[in-house]
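Some structures to go through are shown next.
In the two assemblies presented below, subunit A is common to both, partnered first by subunit B and then by subunit C.
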Partner chain A sequence: MRTATKLLVVCGVLVLGQGAWAAEEAEGAGAVPGEHHAEAMTPQEFISHHVADSYDWEFEYPELLKKVGLTVEAPTIHLGKLFSFLKFESPVGACAMPVEAKYSQVPPIGRLANGCFDLRPSKAHLMMAFSGLLVLLLGLSFGNRKSSALVPTGAGQNLWEAFIQFIRDEIALRNIGPKGEKYVPFLASLFIFILGMNWLGLVPGFFSATGSMVVTAGLAVCVLVVSQVAAVRSAGILGYLAHLTGGMNEMVKTGPLYLRAIGFALMLLFIPIEIVGILVKPFVLTMRLFANMFAGHMVLFSILALALISGGAWYGFSLVIGTVIYVFETFVGLLQAFIFTLLSSIYIGLAEEMGAHGHGHDEAAGHH
Partner chain B sequence: MMLLPVEVSKLVLANGGESAEFGVGLLLMTIVTFLILFGILSKFAIGPTMTVLKRREEQIKEAIDSAKRERSEAEKLLADQKVAISQARQEAMEQVRKTQADMEKFREELMGKARKEAEDLKAESRQLIEGERAKAVTELRAEAAKLSILVAEKLLNEKLDDGKHQALAQQFVSELSKKPTA
Partner chain C sequence: MGHEYIGAGLAIGLAALGGGLGIGRLAAAALEGGARQPSMAGDLRITAIITAGLIEGAVLFAFVVANALAGKA
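Up next, the complex of A and B:
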């Protein structure tokens, strides 16, 4: 109970801090739009500045310092300039060119068409690396035990052990079955990495890497590869391909000619459906995690932007509601990490099942 | 206006900035970062923990099993011992009873023997006494006959027919011997 109270206080301080400077910044930015043109921000810009990935990592406290008389430049790490050698553009300035209407809904392709191939690390890279290091630190300090040290010592080891056991018993073994044991490292890494990224974004000045669709897509690609490899290994390459035809490969082989023709037609129908079925899973994973994190931060900063728009009494309102949303976001960060891992385990379980108990076509095509 | 990343990206690009959204490098870096993290964690943090978990589970299971086994063994042992103790007690009682019976028998035997010996001795003595007495009586009779003959010879001083007198004397003596016994 006392720990919970402490945690709540820490959260409150964090969010008040964040809210305070966000509001300060918003005030400073919005107060005299004409004068400080370079710093002026519309609410939209304010929000997008905080929820969107960027090549600059800016520490946003200078407005508060200005209040106490310290006038300093906003300390910013210009990742884009630092790694400018990783930017490849054929006409110079192609990466800053607006995307043409044809590609307006798919900016990456539009930018490629403009002649921009950008490999520079962004804020999301940095946050990902930070959370990766943090997770690594936690894991290595609490999980790296001698196999003879059967009794955990300290809260860290106990928590780590409980976490691994939870992943093993409640996620891997429950959804994948007895074969799930070997996927525990993958699922646990996935869970803790996502959780680290989700929660890092709640620390003032930091950014949720999972709020970038590309990051969640990268994770989903890992899940896709693991589940498809599991499917091929359990059903065999022939069984896997047979599964792709929706079982119509059997129908094409035997029977009267007209039935074979129908089978073939159905096969043509089923193959794209099965492929879409495979691809839709990582897509769902990508979108769910990204949308939750992105939307959470969007809501948080929209509430804080109220101070920018209205000021005065709204300042306090945005702080209070912001705190509530902040705490809620902490929960959502944990929940989404869990859901991502859970769904991954279910997909892997489905893949493992492909070879285990056949639908007829699997058994027929697979190696007996 | 929707502030989806697509819109944000367009907004930034429209303002002449460089959008970091949808970076190709980020996708690759995510995968690489995750793979490195997965590799290190699974080898140094998750693997060891899983080993420990498994080992401990096995140990607990083993401990419970062995405790059960030992308990059943102990119970069996206890039952065996109870049986052994009761057997020993029974045997001891049997032994005591047997010993008592033996003692009794031995005593009886001894007593019987002693009694018999005493009896024998008595009978023998009696026999001896009887024999001695009979002998003495016979001798006495013979002596008396001789004496009576001598007395008769002296008294009568008369020579008698040996056979006739012998018979008479015999008759006399036998009458004489009958008198005290009768």
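Up next, the complex of A and C:
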């Protein structure tokens, strides 16, 4: 009950803050020129607008209400303006300058080269913060039960402990082995954090942070760092480097000269492969979570856009199919959070094993 | 002119074909396993769902690529 109250208070504060911003927005409505989502949106714009990250947090579904004759002004929180003090530019207006042609593939680096250091949070950052708050709240509420209280009481505490036990027994211990115990906090936080982001995106007006590739890439980098540190700690720095040569370091040390030469040649072949093998895991983690959430929302909004295109009877159709897809997305959000955690634990397990079995290569099972 | 759209359609179509075949085989194997050994059906179902998620991931890669090709991503 205690946490339920806390969560309610947090939600209340959020809603109140939101109302305050909306009111301020309404007051200064004349000063704020309308954003690009003016009146008529093509379905493509409608969809890409909703799945793309931006500095404006909008409550945009009035777009659909407009279609049936209700005009509701969409309240918007301009995060870019709100946090404009986090934008550092050395010549004033550097952020608005066009990016040089050689940086056209990576605009952020081009803007950095222009002298624009932009730390403003976008919608995705905000959703990450909400989800992080959720992890923090849950952890603070249930994570430090007094060890003198032997029996957990209350639904929240029981659910929490069942969840932690699931993470420990089914994910950590099963995939990492006896050393898995110390990774339980990391894996549990990862799971709740991702689940929170996935499900926040399903709340109307909110945005799925995991539908943005930078967020999932950041998470994957966390997993990469944890697994590589685990590998170095289990195998030692020399063992780690020896593993990078694919075990060919043994072949180079002993034996006849021609075998050593072959070993050396193979070593040159293996080192890039091993490095790619390390880097492909976080890449796969990144792409899987991102693609699932991005595509899921895209499909959802494609169905909703049917109503925008055709109107009439399609409202009912898109509503029904949209609800079905919504429920499916709820399931996918849970599943993908679980899969991300599971694969992370497998990668950490492979890293932990590195010290245990020398330089063997039975990690094919890990490359999904 | 429009070649991107053909490519995008082919990409997502072939990926959906592969994913569909994969998930079909997975479901068949899981059902067969469950029928042979009903006590394992629960475990098999969980594993099957997880694996279906992994296969689906591959199809969604193609979806993202197709989106990029069609220039809407």
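Points worth noting:
The rule is short, and it goes like this: the second predicted complex is superposed on the first by the 273 of 368 C-alpha atoms of A that agree within 3 Å, B and C clash if a C-alpha of one lies under 4 Å from a C-alpha of the other, contacts with A are read in each partner's own complex, and residues count from 1 in each chain.
Following the convention adopted for this analysis, a contact is a pair of C-beta atoms (placed from the backbone, for glycine too) under 8 Å apart; a residue touches a chain by one contact, two chains touch by 3 or more.
Predicted model only: the values in this text are computed from it and were never measured.
Judged by the touch definition given at the top, the superposed model places A:Phe191 against neither subunit B nor subunit C. By the document's definition of touching, of the two partners only subunit C reaches A:Gln336; subunit B does not.
Judged by the touch definition given at the top, the superposed model places A:Ser48 against both subunit B and subunit C. Taking subunit A as the reference, the larger set of touched residues comes from B, when subunit B and subunit C are compared.
After overlaying the two complexes on the shared chain, residue contacts for A:Met287 are found with subunit C alone; subunit B is out of touch. Of the two partner chains placed around the shared chain by superposition, subunit B and subunit C are both touched by A:Met298.
In the superposition on chain A, A:Met128 contacts subunit B only, with no contact to subunit C. Looking at subunit A, you'll find residues 44, 47-48, 294, 298 touch subunit B in one structure and subunit C in the other. Contact residues of subunit A toward subunit C in the complex are 44, 47-48, 287-288, 290-292, 294-295, 298, 332, 335-336, 338-339, 342, 368.
Chain contact summary for the complex, subunit A toward subunit B: residues 44-45, 47-48, 51-55, 80, 86, 95-99, 104-108, 111, 117-125, 128-129, 132, 135-136, 139-140, 142-147, 149-150, 152, 160-161, 164-165, 168, 181, 184-186, 188-190, 192-193, 209, 212-215, 217-219, 221-222, 294, 298. Chain contact summary for the complex, subunit C toward subunit A: residues 49-50, 53-54, 56-57, 60-61, 63-64, 67, 72-73.
Across the interface of their complex, subunit A is touched by residues 1, 3, 5-6, 8-14, 16-31, 33-38, 40-42, 44-53, 55-56, 59 of subunit B.
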